[in-house]
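Just below sit the structures, each encoded as structure tokens.
Across the two complexes that follow, subunit A remains constant while its partner is subunit B and subsequently subunit C.
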Partner chain A sequence: MNSCYIHSAVSISAQNSFELEFLELFEISGKNVEAIAPNYKEYISPMVLRRMATGVKMGVAAASKALQNANIDKPNAILTGTGMGCIEDTEKFLNSIIANDEEFLTPTSFIQSTHNTVGAQIALGLQCKAYNNTYVHGALSFESALLDGLLMVQNEETKNVLVGGVDELGTEFVDYVRMLEDQNPNGIKVPIGEGASFFVLSSEKKHNVVELLGIKTSSKLSIHSLQNELIAFLSHHHLKPDSIDVLILGNNGDSFDDYYDEASKAFPQETINLSYKQFCGEFYTASAFGLFLGCEILKSQQIPETLLQHKAQKTSLKTILLYNQFKGRDHSFILLRQC
Partner chain B sequence: MPNIEKNKARKGVAITGIGIISAIGNTLEENRISLLSSQSGIGDVTQIKTKQASQIKVGEVKLTNDELIDQLNLPKDNNFTRTALLGLVAAKEAVKNSGISIDASIETGFISATSVGGMDKTEIHLKDFPSKRETQKYVSSHHAGDSTQKIADALGINGFVTTISTACSSAANAIMLGARMITSGQLDRVIVGGTDALSKFTINGFKTLMILSDDVCTPFDEDRKGLNLGEAAAYLVLESDEMTKNKNVLAYLTGYGNANDAFHQTASSETGEGAFLAMQKALQIADLKSSDINYVNAHGTATPNNDLSESMALTRIFGEPMPDFSSTKSFTGHTLAAAGAIEAVFSVMALQEQTVWPNLNFRTKIEETGLEPTSVLKTKNIQNVLSNSFGFGGNCSTLIFSKR
Partner chain C sequence: MSELKQELKEKIIDILNLEDLSPSDINNNDALFGDGLGLDSIDALELIVMLDKDFGIQLTDPKQGKEIFKSISVLADYIAEHRKK
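The block that comes next holds the complex of A and B.
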């Protein structure tokens, strides 16, 4: 089995994550928060750009930069995860069906509403004929793509795989989701967000890259079995809770944050607990932003102050575990190591 | 694509169960009988209110949502979309057909495919969501993973569960991932397939592309006018070789390949490059020569573009003599994300029955290619079946099923 290294990590989010060399985070507020748009023209030709919805733009730009940073022209696979897919164009086409009573429709928004549009546009732009797949499984969409990529690098002799997660806010459906969360006293408290985070996985070891040790997803886990599952996952990778320097958690303020409290009890006091959705918002592929943070922390050996929130900085940051879930289901563990 | 040739110790992938619901039957046996009697399921729209009704033909499942809910014994206040209902019927049948019991002793995975997820409910209730409480349960059922979660929960599958959506090749990619999870030793058992319900969204979408036929579709015919949409669900139980001792193995999944045409968001390239590469990869993985293929279950949507492009790719792979090939979309309509699973089940049945399914409604060869599909039921020795599924975004997938 080959080892799997992350050669680049690029994120478009509600933070200045795309441009800045060193990450400074600020808390976001509001019902829904848009991602900060980079200068797309540097990555996408104006002709093509005009027709692209937000998610496609974010995905193509983040993917391009991730490939550039890893010095790769064409990856051996393009794997994308998206929870809500191309919701902007979906809403556009659906609303024109409703408004015009199934008449005078044009195909553009329908064509672009397909869930695999981002992966397809990346392939088209690169003229990349390699394996191309899109995962659409709620809060495990990105994780499924990452798992496929890891499988390819570790078990199937694949050299370079482009993996990403992308979701856009859209303009209507998101309001209904927000409304239902706000009606529920135990609902999600952080804003609903959007973003695209892309990574190049590779079998090649290089200087100052992060190793992706493993990932495990579970459709359902009881809170009582969570600690055992975490410990079993770590021991599968020959690690114990005290070897984890940083635990990155997906808290979003809803009542299911209990799972994160329970998870952190499996680790000693010295383990630094971080949560990130107050910076990027909650969305089905928000955990890809979490992975981006994990990579940045291991590479820079620094945790941004706003993320650390007065906890003591550690001198050496070697191993990070990410844990995410959504509404008590779709659990994922991701294990990273500095190398 | 996985290069697993180096991995000599890879496990074989056995198919131990199949389940299906489609326009030609609500059960495996009904589907088998329709295929054996060349009985198409394509007709008028009855389940959906659409202005396009008089201008299209579709392959509908002949059960209403209420009938499906009754059959599945679901509580009245359920928020199952039709996508989830169809999926659960077929997945339950696959489990029953294989005789497995899903419990903690062996981790069972579940990989499903869908194109528009819960759209069949969203398109009815979208404007009621803000004000009508009783409709709000369908907000959370919109996303594409919802039907998969519901089916996994109903089957008692709690571990590895995911959903794939690459338009019309989705289920083929779900089956391929399942096979790779087994060959790499990640799982010993996984249920794979796909489900898609008809929706106004999809009907109007394909209408704007002007690729819907107003009559029954005629795949690979010179005068083909476009496709008939369909709805269906099908699942296969995949198990590693060592799980299948003393078990009835229906067939083996021996080859799989995916490639991207990288030509256009919706159209296929003239040379069928993506399709060619996908078939080539699948043959490599299966370690078969093209002449080992006895039957090709083609993508064959009956659109002018697909059938020409696929014919070019078939010619490039097989040359002369062309093996028997047919499109069973003339029976079921194009069931989009489910198509790869429907046609996987039909491929397994072709191996079981040693029969080539007919390409219905064929009259005239396409002038450019001169290829003639097998248009009547044909019994012969079949060892290997190759099945194609191609989707928007240039997504091309091929699966190979073998008797071994």
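The block that comes next holds the complex of A and C.
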């Protein structure tokens, strides 16, 4: 079985994550927060760009840069995860059906409203006819794509896999979601966000890359069994809680943050606890931004100061565990190690 | 007729998201497809919907499109002759 390494990690988010060498994070505020758009024309031709909605632009640009950074022209597989798909064009298309009394339906927004548009546009841009799959599975969408990529590399089916998570805000549906959350005193407290994070997974070991040791996903997990599940996951990878230097958690301020409190109890006090959704917002594939952060921390051996609640005692950062869940469902553990 | 040509240029830029172009960049006799504006078959479908929605013109024969969408001038002449709105 091959090991799986992350050769590049690129993220478009509410932070300056796409352009900067290392992140200087700032806390975001507001109901919904858009991603910071890079200069898309550097990555996408203007004639193609004009038809693309936000999510497609973000996905194609992040994927292009991830491949560039990994020195790969065409990957052996393209795997995309998205919770809401191309909601912007879906809303546009459905609204035009209503406004025009089911007549005069324009093709562009319909064609681009499908969930697999991002994966398809990446493949079209690269003229890449390799295995191409899109996972739509709530807050496990990105993890499902990542798991597919990990298995492909580990089982020696392929050498280089492009994996990413994309979600866009859209214009209407997100406002109703926000309204519901705001009416609930235990609802999500961070802004609803958007973004695209892409990674190149490879079986080739290189200098200063991050190894993706494992992923585990569970649709349902009781809070009482969480610690046992975490310890079992670590044992499976021959690790114990004290082997984990950094625990990256998906806190979003809602009542299900209890899961994160419970998870952190399984680890010794020296383990650094970080949460990231106050920087990127909550969305179904926000955990891809968490993975991007994990990779940046391991590669640079630095944690952005704004992420740290207390001064870190660790001198070297070797192993990171990411834990995410959404509304008490869709739990995921991702384990990373510095090489 | 010049007002209709100006309206068509504005509509084409808006509907097809030709963000980098202004109406003055499109000459009345420029080819819309191929070497001119470089529009493609999806754009042709958008233009067919525009003709129906804004001018009440329904194109039933796809071969007609090739002639009608030759340039702004040709398109404006066709609309002036056949419009129902």
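Here is the rule we go by: the second predicted complex is superposed on the first by the 335 of 339 C-alpha atoms of A that agree within 3 Å, B and C clash if a C-alpha of one lies under 4 Å from a C-alpha of the other, contacts with A are read in each partner's own complex, and residues count from 1 in each chain.
Just so we're on the same page, contacts are C-beta pairs under 8 Å (C-beta built on N, C-alpha and C of every residue); 3 or more make two chains touch, one makes a residue touch a chain.
Keep in mind that this is a model prediction, so the values were computed, not measured.
Chemist: Specify the outcome, clash or fit, for subunit B and subunit C once both structures are aligned onto subunit A.
Modeler: Once subunit A is superposed (C-alpha atoms), there is room for both subunit B and subunit C without a clash.
Chemist: Rounded to a multiple of 10, tell me what angle the C-alpha centres of subunit B and subunit C make at the one for subunit A, in degrees.
Modeler: So the C-alpha centres give an angle of 70 degrees.
Chemist: Is A:Arg50 touching the first partner subunit B, the second partner subunit C, both, or neither of them?
Modeler: second
Chemist: Quick check on the superposed pair: does A:Val136 touch subunit B, subunit C, both, or neither? Answer first, second, both or neither.
Modeler: A:Val136 contacts subunit B only, not subunit C.
Chemist: Touch test for A:Pro107: subunit B only (first), subunit C only (second), both, or neither?
Modeler: In the superposition, A:Pro107 touches subunit B and subunit C alike.
Chemist: With both complexes overlaid on chain A, does A:Ala99 touch subunit B (first), subunit C (second), both or neither?
Modeler: Neither partner.
Chemist: Hey, is it subunit B or subunit C that touches more of subunit A?
Modeler: Residues of subunit A touched, subunit B against subunit C: more for B.
Chemist: After superposition on the shared chain, which partner residues are touched by A:Leu20: those of subunit B (first), subunit C (second), both, or neither?
Modeler: Neither partner.
Chemist: After superposing the two complexes on chain A, what is the shortest C-alpha distance between subunit B and subunit C, in Å?
Modeler: It is 9 Å, taken between the nearest C-alpha atoms.
Chemist: Across the two complexes, what residues of subunit A are contacted by subunit B and by subunit C?
Modeler: Overlap of subunit B and subunit C footprints on subunit A: residues 103, 105-107, 111.
Chemist: In their complex, what parts of subunit C are in touch with subunit A?
Modeler: By the definition above, subunit C touches subunit A via 15-20, 38, 42, 45-46, 49, 52-53.
Chemist: Once bound in the complex, which stretches of subunit B touch subunit A?
Modeler: On the subunit B side, the touching residues are 1-4, 6-7, 50-52, 110, 114-115, 117, 119, 122-123, 126-127, 129-130, 136, 139-140, 142-146, 148-149, 152-153, 157-167, 173, 177, 180-181, 184-186, 200-201, 204-205, 207-209, 258-266, 273-274, 277, 391-395.
Chemist: Can you tell me which positions in subunit A touch subunit C when the two form their complex?
Modeler: For this pair, the touching residues of subunit A are 46-47, 50-51, 100, 103-108, 111.
Chemist: Which residues of subunit A touch subunit B in their complex?
Modeler: 76-78, 83-85, 90, 93-94, 97-98, 101-103, 105-107, 110-117, 119-121, 123-124, 126-138, 140-141, 144, 148, 151-152, 155-158, 172-173, 175-177, 179-180, 217-221, 284, 329-330
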